[in-house]
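A, B, C and D are the chain letters, set down in written order, and residue numbers restart from 1 in every chain.
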């Protein structure tokens, strides 16, 4: 694959994990009666750290990193600009949330707002990666893929921050997400096969790539070990994280651009 | 009004590559960098391998996906339809590579920016033809004004070229013709 | 400082050499200032020198700045070459091989540096200092790549390796001291 | 980026703060008084007129100085060039719009010119190799180089009593008229050994001279009037791209275009009908077509009556010995097709045949050309606008050949045997009336000739405008032959395989650094070649080398050389013009060419329009006594092709990306055509178990090459196709390792030696 894409693989994956954690931090706050008493400080630290690492990584995919700030220039039409903006806001809100949680002044609405903006940011990412050159993903698929990642990694990794009894809550989200993710990611390449030449080539790439199948295997493992009422084994989030990473590499490496087929039958 | 576009007549094109090299020569492109090149048509489209071509660079779309998706606004479109890319503004995020259905923008690794065909707008403003058009020995590659010139008999989406009304590529095409062939049996 | 001037002049002379004799003369001069490995076979040095910098075979390490500064590494007389010519022009200098030998030939650039430093000895003009900083920074931008490329080549004559190492070391030192001064 | 534009490097901003910016530079310009130039190593005090900061990219026409140049390569199109120069540097090139033939365009090769001028790999200085092929080179001064060369020449003269030990081989590396100064330099030294003839087109030249008394084609621009065009063994889409627009126009006006070629060329793809002929079967096909004209009584009796000699004999030969079935058998073209095209061709006027040079590179090539000429003549299309048997011409080459024509020094001794012309451009004039002449060796058998030469043997070889080891035949044999030589001098631009074997290499100028004038052997335009930039490094033009050598050798031994000692290319070029040229092109002075290319003022666009032929009978000769003199049948007759000596036919035609061994080595060309390929038919691929991209060994009795295959139906299943090219010093590929030096039938009469059967070659192919 094109190693130049590595920074974006990290950026998208880490920020989506961050949003996932934010959602569940907020959710727990909301799900409990007495708001601020719940301990979500570590989550918010982790969330900020993830955003930080992700953003730093993102710089490395630019030919001229010093010009990064100019990326806000085209909010009007460019989803990439909107993505940068919403993530900036998300980062800011996350910082505020951490402060409030730290100073015990947190209120549920603030955290919910942060989580909501986070989801919005992932939405913009989904739109930004629906590249017009990539017939296979010039649609809502990137958004679907990314959201599935959010709701897979969010609850999975959140288990590290909560006590056993809260696992039930996480599982109730994680299980259906894993199921949905597995079905969607299994079916989509076959649908591509029935598309035009470049979509078909994309489908072929996926169905013949170990990256894709290992990703599915990770999801399957998840389904197998995540049971309602049961607690989530400590190794599982790692497996799921690796699975999503492989899936993300596949997403960046295996999608064929229509420009690659000029002169051929479409 | 003027709406400039390239017209690619594959019946007249003799695959000489003069257009592509004229472009490199005009802008002294770095070795390895190609703004315009010939794309041979696959045998399903033309019966003989490497014998019919589309000479393609940027298609200067009416709804340029590169421009729409560029976060820094490095792309602008002129009144006359020419899509201009500004290397000085470009920060090399390569989002346009992800968006152009025709693979026109090329990434220059060393410079850390994207490059593409400018339709030689400076030459056009001087009343000259684009370097590639002037180079074509058979008028297979021409500059047309979609607003005033008669482009009937040309197609916008020939086989071997993506059907993308969403971006409205301005390039027009004439399809190649194969001769009657008398072969020895060996 | 004045030691540096001597080095630069002799290094320039070495890269200008058109035969073993010229290389030897400069080499011996430099050896007086910095101990250098003994050379027994000067024609071996010359063969190696020509493979790297002269020809007729394709050059292994073209001695022109633009080759290392531009992306286009297979063309001389590029924009950046002309910029160096402009720079000489600002100094009131011009290459006697104008449009024959690229102005950014290592020997010419070192000669320019030598000219500036010699001028600075008797007149301390701030503009001249700025221009020296520029030239030094310019040299420091490409000569490390030049140095690196030569080291990547098999069986380069040790005498030549010594010279390019010396060039590399001198310019790096001088640059760091210059930057320190500019910070003060 | 802004900083990049102004300073050429961005990092300065980081290292030194923004100390030196563009603005500061301009300030400095004002502030800094010029420092006194010190006795440094190089830089001098600059005169007045400091120039402005450079910028990048296209700056608008007015930003450049424009010069007229001409592409001097061995090519039909010989394009006029406009060169755009700034700061004394060539920035880009364009076609000369003054020529209606090239109409402001060049080709993929022409547009790559700036790369060769500024390639860091150019040969820069005279150099001497210590041990041939050792790669141990030392730089020497021009003086030392010329001294070594001059002393060797004097030594040969001493030793042999003549200069026949000095050989010179030169061909088409640069067809600028002043480059005949190389031959001139030899003549001015005395009588030497010349490698004469041409590997290119001699069989056809002789054939047309036997038939019509000269090689003289119509103006290609008049093909628009043709109602029927057969392109026979030519591939203009690759080798004369500017001719295609006339063929297209004729087509648009309703003409039918038929391409006859062993390969489904790009030109074939543009035709109405393509015939895949058996290589060397052209004569049989043409005679079959001629026979069919007879059968259908389609010949132009009136014209033949008036203008033909020996026609009745030819007709009875056709009736007696030629049948359509036989022709079909020999050519691989079905009888029905032969009948149809023949009838169509005869049904309209004007109709024309373009005879390519490929079809005469056979042991029966000349005979084949005569047969095709005969078919065109029978249809009465010779001498007609839009008609004719088009092959080439030297109609516009009537220069003084001042550079070429030099007389031998007093008392020079030479060869006393009979020699012919010294190549196709030898106008016959020149040389003094001495009984001595040069010794003529066959340029196409350089290895054999050097090996066999005695009394005296060839001891020294001068190579100019030629890359012997890429382009001459049976490369491996040449390496052997070179061992017999004491001194090889190569004059060249790049370190090619010939330079690799040289003892002394002399750096020469590109066309942009020299003055000359160019005309074409196809179209009727003339272009001047101005010096657009100063010669880089220590390069010299062929003329400057000749005059410097003359001065040197005369200083060693007075009266050794008659070549003018102080003359440059420009003076020499001016001397080339004469009233003949001026009136032919309707110009007052050569200076008029500075306004753009000029076209010859032709009585008619048709050659032989007055039907006065150059033959002894002044008629079109189906039966030629001169042909008989040169050992051929007087009558146009079938000649057997060469016996196959290996399993598959090997064809090695020109590539569109290079001209012989030039251009393909440039980085830009590699962007479009990175590596050589062997093209084979899917059937052959199946037999050999080969797929696209497999590496194969192609080998025969003369050698072996390895390269990748492209499986492609443009070639027949019994044929291997690979394009000739030199890919630069890191790629040993060379088709002439597989081409032996078998002669074609004709060429001796007009070029001094027969051609080469380049396309009568055979080889085996195996997966490597």
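We adopt the following convention: a residue touches a chain if its C-beta (ideal position, glycine included) is under 8 Å from a C-beta of that chain, and two chains touch if they have at least 3 such contacts.
Everything numeric in this text was worked out from a predicted model, so none of it was measured.
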Mutual neighbours - chains that touch subunit A and subunit B alike: none
Touch-network distance, subunit A to subunit D, counted in steps: 2
Chain-chain pair with the highest tally of contacting C-beta pairs: C-D
Identity of the chain that, by mean CA position, is farthest from subunit A: D
Chain centre separation in whole Å, for subunit C relative to subunit B (CA means): 44
Whole-Å separation of chain centres (CA-atom averages), subunit A against subunit C: 53
Whole-Å gap between the CA centroids of subunit B and subunit D: 33
Residue list for subunit B, restricted to those that touch at least two other chains: 28, 31, 108, 111, 113
Multi-chain contact sites of subunit A, meaning residues that touch two or more partners: none
Junction residues of subunit C, two or more chains touched: 74-75
Set of all touching chain pairs, with the criterion as stated earlier: A-B, B-C, B-D, C-D
Of all residues in subunit B, those that touch subunit A in their complex: 39-42, 44-45, 53-54, 56, 65, 67-73, 89-95, 97-104, 107-109, 111-114, 159-164, 166-167
Of subunit D, residues touching subunit B in the complex: 1-2, 57-58, 60-61, 91-95, 102-114, 237-238, 241-242, 244-245, 248, 259, 264, 266-278, 332-334, 337, 656-657, 667-668, 670-672, 710, 712-714, 716-718
Residues of subunit C that touch subunit B when the two form their complex: 70-75
Residue ranges of subunit B in contact with subunit C within the complex: 28, 30-31, 108, 110-111
Subunit B-facing residues of subunit A, complex: 4, 61-65, 67-68, 70-74, 77-81, 84, 128-129, 131-134, 257-266
